[in-house]
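Structure below; questions to follow.
Each chain carries a letter (A, B, C and D) given by its place in the written order, and its residues are counted from 1.
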């Protein structure tokens, strides 16, 4: 029973991070209509930027480092859009997919060139987790839950009450409108990239704080995020949030039944099953930020 | 289209040119395939340093019968495919009689049949897989087979008085090979395996595996891990509040583990192929290393690589530069040869024996346990 | 020949086609008109199996076809063109036509490798037929060019020729005259008229009333996915319900 | 020296059918199969297991091709209903799950230990054990495969593939059962990949799960994207180009400290090439209409 509860908690923590990845991915998919393979590298970049600022010689505090990482990743995302995706606005979604695959390959290996292939860890002090009845939670994990929840709340306020947020919703609500790409939509697309990149950065930092960093960490998290996007229905922000949490839970609870070697295959299985049986997502709403 | 043809032509002519250039000089050339890039590159650099150390020593002492020894390095990138290509190049382009084989048993096993068929001696200093024992007549290694280490870990667990343990192991050729040997020996001695839990190398999160262990509440648990993933595992175990005696093998025995995992590995116990650190050979090796590399830490398996090169040099001196001569001579020169890592006498399969010691982490330091 | 009964299709919460019924009886050409968004193209997609109806039935030559996949509906004898014409851009004009046949031996893997002669013979027979249609459309000289090179109007002609290669008994034309110049429009009208004489039947979506009047024997008027009026083209033109649908709101 | 060049030639002869299969799927039919390596792996494993258990090479070859085909048939049945990027992603997932199976089902595949000692092929009693023999033996198969692909792409069947790539809706509007043709294309591509997989297993004589990762699919994708514009001949040339480029790096006189960076930098370069080619996109080659409603 304690195993189940512990897995549930771990799943919830992982899921709240995946949710941040998934929201960004679903916003991009909802407005630009392609699966951005390089989203995983935004996540990875967020983690490594924060690592860069946290380690000597800069030695900044985790929160300031995280803030710097967000700025860095947003710049990176806007650069990607400017140089590659924006010239391909009206291209076939498969062309964009291949282009983003190329970008992903490029940055994944760039990280390896700079930081090497080995696992790295944020310089947090090692602490025993706090026992809450049958489950154990580390202080870092508690922070992760708080920050993830905070990020989601900020996102809610942004989408609900700001002009830019409303513009994103209207574009995402009306994919045909988005296909015309006027000046106005270009502005909205920029906002979408900023939101998606910030969430990827926050998620990446949290993920690295919960676990560790390595240059290829983006790929598996992209897969998880994509599974979450499909679960929630493409373009559906709140669906993606819930989808992320479901993926986190199913990964951590799934290994209680499945052989442990298949943990990373769970997200893939979810993708295949969803595509086959409910391509419109579990929540059933195909488009729109609702 | 034209550009492609031009490019291919340039590549081919460059290849031919460089191959010609390499033929001329009057040195004895041997090949080495090491993971100079890719996932294992961190280790590959260290192996190369140790090999260079031995080569420099040999050449400073007059080389082999007056000729200098030269090692041609090829990058195996830590993958079977690239190791095979590298070995092909060494055999066919450079026509070396001996190849210092690639690290990681997967890669070593992939290239072994090629060397065997080409009648080129392949010798390894890191690969521990039991399968290598039967890889062929031209295949040697100066590192003990995991058959011995698996038994060593099992003996240790029994000696410490644990009868029931779960075993966590890295799901690659090395981890699984060692795990199988451990399980075989441990159950033979009356122990019981609670659970066999594999994990994939290079992942960032191993909590799901650790929870399985936690749930068993074992008094002791065996973890067959490398350094980097071992550090992650022991840290996450510590955070999860798993209180158990961790027992491991030799691959995690490194100061880096303690640097990475700190108090999480305090009390960790492991076995390692034992060789005396008080022998004159070892002292000589350390002095040599200090002279060449200063304060740089002696890398993992460096001693084995060093011994390997010396054995090969002796065999070339005795048997000449043909692969068959070297192969025969290797058996002869190794008989009773006392290297840095102890007795290197090859048995009929080209394997060496080894003693096993016990190490543990105490007050943040690796100490030998009596 | 074609009979549609109480056909309905919804997207999200919106009815695209609602309780729509119509039939072609033995008229040679039937027109379907209606304002933009009235569900005309959706109706065509439903008849040709691109969409599956939520409810209702479609009969063709007495057989129910609403559950069949597109390719079987086409084989049963319904050919169609698209509103924004869809040709195979990387194929030559000739190949665009050659592909539009039933039971081509060269499309079966085994025959392709074993019955080389039969494959070639079938292609040669079809080629002469294809050239006849290309010449009819005035495209014969461009036969070897990729269809991507064609102008908008020429694509419409090519698409019609491609549909004719299928030898369908009923042809669905989705705005055959939209966006092309009057000369080409006249050409298309004359081609359709000569085909009518050969016994082909047509169902035509068109906004250009001149085209409808010169071609059609009967007209259905759609609004909001339902038939609101029907009758001979000359009369329907002044029907108050139609005027309301077009101009009323 | 000749032997080394022969080795490179043989590697190309292994990769060519693998890449041609993907060319047939992506380049000719517009099937973005990101899980192509799965079939390479399935046949490599099947052939390795069969021959190490005493089945003769030719029998194992055909059995492995058949098995890979059977997998493609079974997986294709549900997944081929998906379009475009969804199809690609689902196939990617399938390949990743297959790799996990290779890795974890040790009772069958020996898991991470891989399968060593795979016998060399023999052809009706003629042992294929020297490099020239390999080059000729594999070469004959490659020529036969290339001829078959050439024949198909120029045939009425290839015409349907092209039509599906150009516009799948139009293809069904001219009475083509597009599902069936997409499956035919997938099966043909799979058989070619499977041929490469068998060649790989019996040439290297050792296989392990790490040989069958997404990287191999990306390699083939790169070859197809570089050469696809010129169809089959382009793909074959691009294979020589990419493999030659990879091997050519060995002969670059780079400083040693740089060595560690070669592999990731090469991958970076490949990523860049993909992006640049897409940016310079060849309209005639990539497929277009994946939407029914236009406006």
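Just so we're on the same page, contacts are C-beta pairs under 8 Å (C-beta built on N, C-alpha and C of every residue); 3 or more make two chains touch, one makes a residue touch a chain.
Predicted model, so just to flag it, every value in this text is computed and none were measured.
Peer 1: Need the central chain here, defined by C-alpha centroid distance to the all-chain C-alpha centroid.
Peer 2: Minimum centroid-to-centroid distance belongs to D.
Peer 1: Greatest Cα-centroid separation from chain B: which chain?
Peer 2: Between chain B and the rest, the longest centre separation is with C.
Peer 1: Using mean CA coordinates as chain centres, what's the gap between chain B and chain C in Å?
Peer 2: 71
Peer 1: Need the CA-centroid distance for the pair chain B / chain D, whole Å please.
Peer 2: So the centroids are 33 Å from each other.
Peer 1: CA centre of chain C versus CA centre of chain D: separation in Å?
Peer 2: 40
Peer 1: Touching at least two other chains at once: which residues of chain B meet that condition?
Peer 2: Touching at least two other chains: 38, 41, 171, 198, 200.
Peer 1: Counting only residues that touch at least two other chains, what does the list for chain A look like?
Peer 2: Residues 116-117, 261, 264.
Peer 1: List, in ascending order, every residue of chain D touching at least 2 other chains.
Peer 2: In chain D, 103-104, 260-261, 264, 288, 295 touch at least two other chains.
Peer 1: Which label fits the chain touch graph of this model best, line, ring, star, complete or other?
Peer 2: Drawn as a graph, the chains match no named shape, so other.
Peer 1: By the document's touch rule, what are all the touching chain pairs in this structure?
Peer 2: According to the stated criterion, the contacting chain pairs are A-B, A-D, B-D, C-D.
Peer 1: Going by the contact rule set out above, which residues of chain D touch chain A in the complex?
Peer 2: Contacts found on chain D: 30, 32, 78-79, 81-82, 84-86, 88-90, 92-94, 96-97, 100, 103-104, 214, 218, 221, 225, 260-261, 264-265, 267-268, 270-275, 278-279, 281, 286-288, 290, 295.
Peer 1: Please name which positions on chain C make contact with chain D in the complex.
Peer 2: Those in contact with chain D are residues 45, 48-50, 69-71, 74-75, 79-80, 82-84, 86-91, 95, 98-100, 102, 104-109, 112-113, 119, 123, 146, 148, 162-163, 165-166.
Peer 1: Okay, in this complex, where on chain B does chain A touch?
Peer 2: These residues of chain B touch chain A: 38-39, 41-42, 171, 197-200, 202-205, 207-209, 211-212, 214-215, 228-229, 231-232, 235, 238-241, 260-264.
Peer 1: Give every residue of chain A touching chain B within the complex, in rising order.
Peer 2: Within the complex, chain A touches chain B at residues 2-3, 6-7, 10, 14, 116-119, 121, 126-129, 131, 136, 138, 207-208, 210-214, 216-217, 251-252, 255, 260-261, 263-264.
Peer 1: With touch defined as at the start, can you tell me which chain D residues reach chain C in the complex?
Peer 2: Interface residues on the chain D side: 148, 151-152, 155-157, 159-160, 162-163, 165-167, 169-178, 181, 184, 188, 283-285, 288-289, 292, 294-295.
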